[in-house]
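Two complexes, one shared chain (chain A), two partners (chain B, chain C).
And now, the complex of A and B:
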């Protein structure tokens, strides 16, 4: 409160000073003075400050969200934007759509396996990168690269590396005798394609997960770790009984954000496979884009993309509640 | 219960020699204090005993066992950390029990030990609370409790009182002493506070620049400091030093500091007679000087100018000058010394200390 009021006073004083300084008052100063007067009112100043955020949320988040919500119960399409109300028909349609159900399963497989692998590898890497060793700075810097490279470039690079004709992986693999040439068709076979998508997604997300875990682990006071070591806690006990419970709030927030963002993410899938081969690697987001934007069926596209919204909402609320109850210090 | 022995223990951090050839033996049931300014190597020494740092050289024994390559958890020691290092997600009882559970101590035994510690430290009503719900003093007691329940061969305490406010620190200081008198576990206690060291230690190891300066009882450190550093570090306010020279005759050597000459105290007289003409530093503690009156002990008297008077109720700390040399004295409060005035100060004959100016060591007694 105190801070808000001191901010409020400043422009007003500045305006007054300028207004009284010289006889011919420049127009800018007069406006400045008037605005300053207006800002004397706390509510004017407060709402002015918060207005950009509110505009952003209303125009770019809330409005599109409600439009999409309306689309789910209409027959809107690109050719027929003024659509008629169809009730829950879009949802019935997508439920009877094999590709949708496959995409739904894929979304869970994609999200959960990416998260589990990232958490597992991230933990190991975090501990390794926290240990002092020669060249640690360089390794750490290199390690960040996948996170800093634009997704599109990373994914295109990967699509070349996984390309059936030009794959560098297959070239190396067949030369060292891992498999006979030409090697697996990474993006052309159902399961391999799904694995490839997950691997690339992990590659992209791992640095962030690791950095987060490193931050968490470093946040645990060294003395507590040492006390645990003296209390006969080995590495896994210290991780399990001391570090994880202490950094649980950080972990939960991180988990919540990455789950939500993974559930609604289509970048890697879209850039790598476009849902192929034969629509077997679609996730909900990419399939929604395919149906709603590429094919122009806005109603069904919206229904697909919002299908998991209630689940995510409940999950987010539950996790944030849990987080609040777990706060330690 | 056990002895702890360090033989030629050295620790290097890169180019820095944190602990340099440390040799000492802590007796069974002893309360030994490491004291010294920050960066003197005292905490490093303690952490090497705990096994939290690996020494660069030398041997450490706990009891009769060489523990150089023994993991911290297997050294049978318990440590109290400066910031207590309580597990924030566990309540007091769980904090105390954690180490015991991992050592597969039976449930009944865990309960017995926790009840015992809770009774000694008055933690009974706090057992179900988490650390964040405790005051600083209570957390400190839990940290001590976690060490007690382990029933280790030795306690290692790393500045356990420095996060408490002044009043609580003095109170807790007494409690730790009582605790030690009761359970008599060998204890190594690290502090930078010489008052804490003097009041708590049965013996005190004074460290400076990674080197053990003197290992002795509090009385010996105060009465017979081995060198200039110990003389200046122990005692508050610090000892006054005057640069001078040994003059006089071998039978009656004097220290001539320019402003005055004073007889070499009798324990150091023999050494001084062998060092006639050499540069020395003469030290005398502020509390050993008196304003001359009829009953003053024998000594040399100087006329000092009073620069600053700090009235403390029970005494005065008076900052004086003699020409350009400053020093301070502790005088009875009823003196009501006046700033700017002159007072006749007597330096008693046998209360001074003479140090070699070059080696900074006390002249051999």
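And now, the complex of A and C:
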């Protein structure tokens, strides 16, 4: 116990003392011993252990990020990676590009609308799934399936369900009288294609949002939930007084994660519409891929995907604040 | 129904039938809502299943009800997927990439998480949060420069490019998860080992790791499934058929021009989705804790 408290007060001191206590092992080599002893020092140990992780991140995340920044001001292309400095020409080019501007707007439209729908449906669903009922575990297991299916697989399955000729949804829709026989061409018309992308995003994102919400609500003392659920009139009053202040933070974090992953995703758009019809459904990420990889214009591609960064930065700062506030508790 | 109840029932609790009606309707509404949500969630997977096992004539017939098997189910598309496509190779690649990524992840994340959980050194808190925030950086921000780096290393068009790059998203996430598990190991246990003459590293191997085995298993499963789900880096780096992963191969190579081999495509989708879905169900709660940074307990 005394040792434990001494470590907390003077970590470095305690580490050294511990090292000398461990020393009576037969001395094989003085240098090896000295290195071992040094390793027992808390700081040396800590930095050595964390070094590989930091190295990996610096080499394969931080360095590439700076390479990307450099790309944005050069004429780099896949055929000519070492290129000349062009200043802000790439940014001027993409800003004058109608497809880019549409992609920028689409990214926000797709992400925000699917987030709003997810927040709304997710809250309803979280409360429903938290009720005790028979078969709850099975329902929950089935319900998270869209989240577990790889994005690419989910998107390709939806593109089959929305196939212009053999759409199963159109068969059902026309048989229950929602629309006349052949049904809408979901991925072939601008508005419908946009709706399809949003629906697939919601399909995929809803389980995650709901599960995080459930976890958040479970953390609220059960009596409060029960009291709030008892009578409908009281429910809405308590909703404002109790539930919202308590679940709002967790809803916020759930949506932040989901926002970031959908804002930066290209998979759904790429596999569902590939930006079509006539480039009206591109998002930043899919258009960056189209320009940077398919056409091989690294400079312009990097400039396009850099537009993702401000939003990510804001998300990171918000997340940082949240983590700090959690640590203070 | 309700009126019969009223006659039979005790007049003293006159309001009871209405109450019962309300309960019946609220429970019906409950199950209808749950049912609607479930239908939305599960239908694509059901459609995957039906498409996989339907005979071609049944699948492309526009007159019959597509939701059921009008002709006997068949295994021929699974057979085709297995014999006539690269699917088995893609499966092997996916597993291989997953295994190597998991090994690298554990080798890097375990020491980092242990140091962050148990040692105090200047900047440890900042470094920990820094590693976690790396998880927010998406592939779509880095795929262009990384593609050039991968070319430079001579790894383009090989599955090793993915083994190199996938740890960039598994390490942050797994370090964060492992930190939580290591913090859960009682300090007294490591203290005791240290008093008995264990080095810092010895305490990790002899005490902390054995105790956190369930946590490490969770991390292994998650890192593995994360690599199985990845698509953007695979699409960017690999175009050689024999080097592809399942998600890439299924969504790129099974579609040839306008002739969509939907049955074998859905078979390939189903085979990869089922194990991942099962794995996630087992470890969902741990995942939730990890993603919220251990904030939700």
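Note that in this section the second predicted complex is superposed on the first by the 255 of 329 C-alpha atoms of A that agree within 3 Å, B and C clash if a C-alpha of one lies under 4 Å from a C-alpha of the other, contacts with A are read in each partner's own complex, and residues count from 1 in each chain.
Throughout what follows, contacts are C-beta pairs under 8 Å (C-beta built on N, C-alpha and C of every residue); 3 or more make two chains touch, one makes a residue touch a chain.
Model, not experiment: these values are computed from the prediction.
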Query: Which partner does A:142 reach: the first (chain B), the second (chain C), both, or neither?
result: second
Message: One more residue to check, A:71. First (chain B), second (chain C), both or neither?
response: second
Field: Contacts of A:245 with chain B and chain C, given as first, second, both or neither
entry: first
Query: Just chain B (first), just chain C (second), both, or neither: which does A:257 touch?
result: second
Query: Which partner, chain B or chain C, touches the larger number of chain A residues?
result: C
- request: Would you sort A:290 into first (chain B), second (chain C), both or neither based on which partner it touches?
  value: neither
- prompt: Where on chain A do the contacts with chain B and the contacts with chain C coincide?
  reply: none
Parts of chain A lying in touch with chain B, wherever the complex brings them together: 221, 223-224, 226-233, 237, 241-242, 245-246, 248, 328-329
- request: Report the residues of chain A in contact with chain C in the complex, numbered from low to high.
  value: 3-4, 11, 18, 21-22, 24-25, 36, 39-40, 42-43, 45-50, 52-54, 56-57, 60-61, 63-65, 67-68, 71, 81, 121, 124-125, 128-129, 131, 133, 139, 141-158, 160-161, 163, 166, 168, 171-172, 203, 206-207, 211-212, 215-216, 219, 250, 253, 257, 260-261, 264-267, 270-271, 284-285, 288-289, 292-293, 298, 301-302, 305-306, 308-309, 312, 315-316, 319-320, 322-323, 326-327
Task: Could you pull out which chain B residues touch chain A in their complex?
output: 50, 52, 71-73, 77-79, 81-89, 98-99, 102-103, 130, 132, 146
Statement: Per the touch rule, the chain C residues reaching chain A in their complex are 30, 33-34, 37-38, 40-42, 44-45, 47-48, 51, 59-60, 62, 65-67, 107-109, 111-112, 114-116, 119-122, 124-125, 127, 129-134, 136-149, 151, 164-165, 167-168, 171-172, 175, 187-188, 191, 194-195, 197-201, 225, 228-229, 231-232, 235-236, 247-248, 250-251, 260, 262, 265-266, 269, 272-273, 276-277, 279-281, 284, 288, 291-297
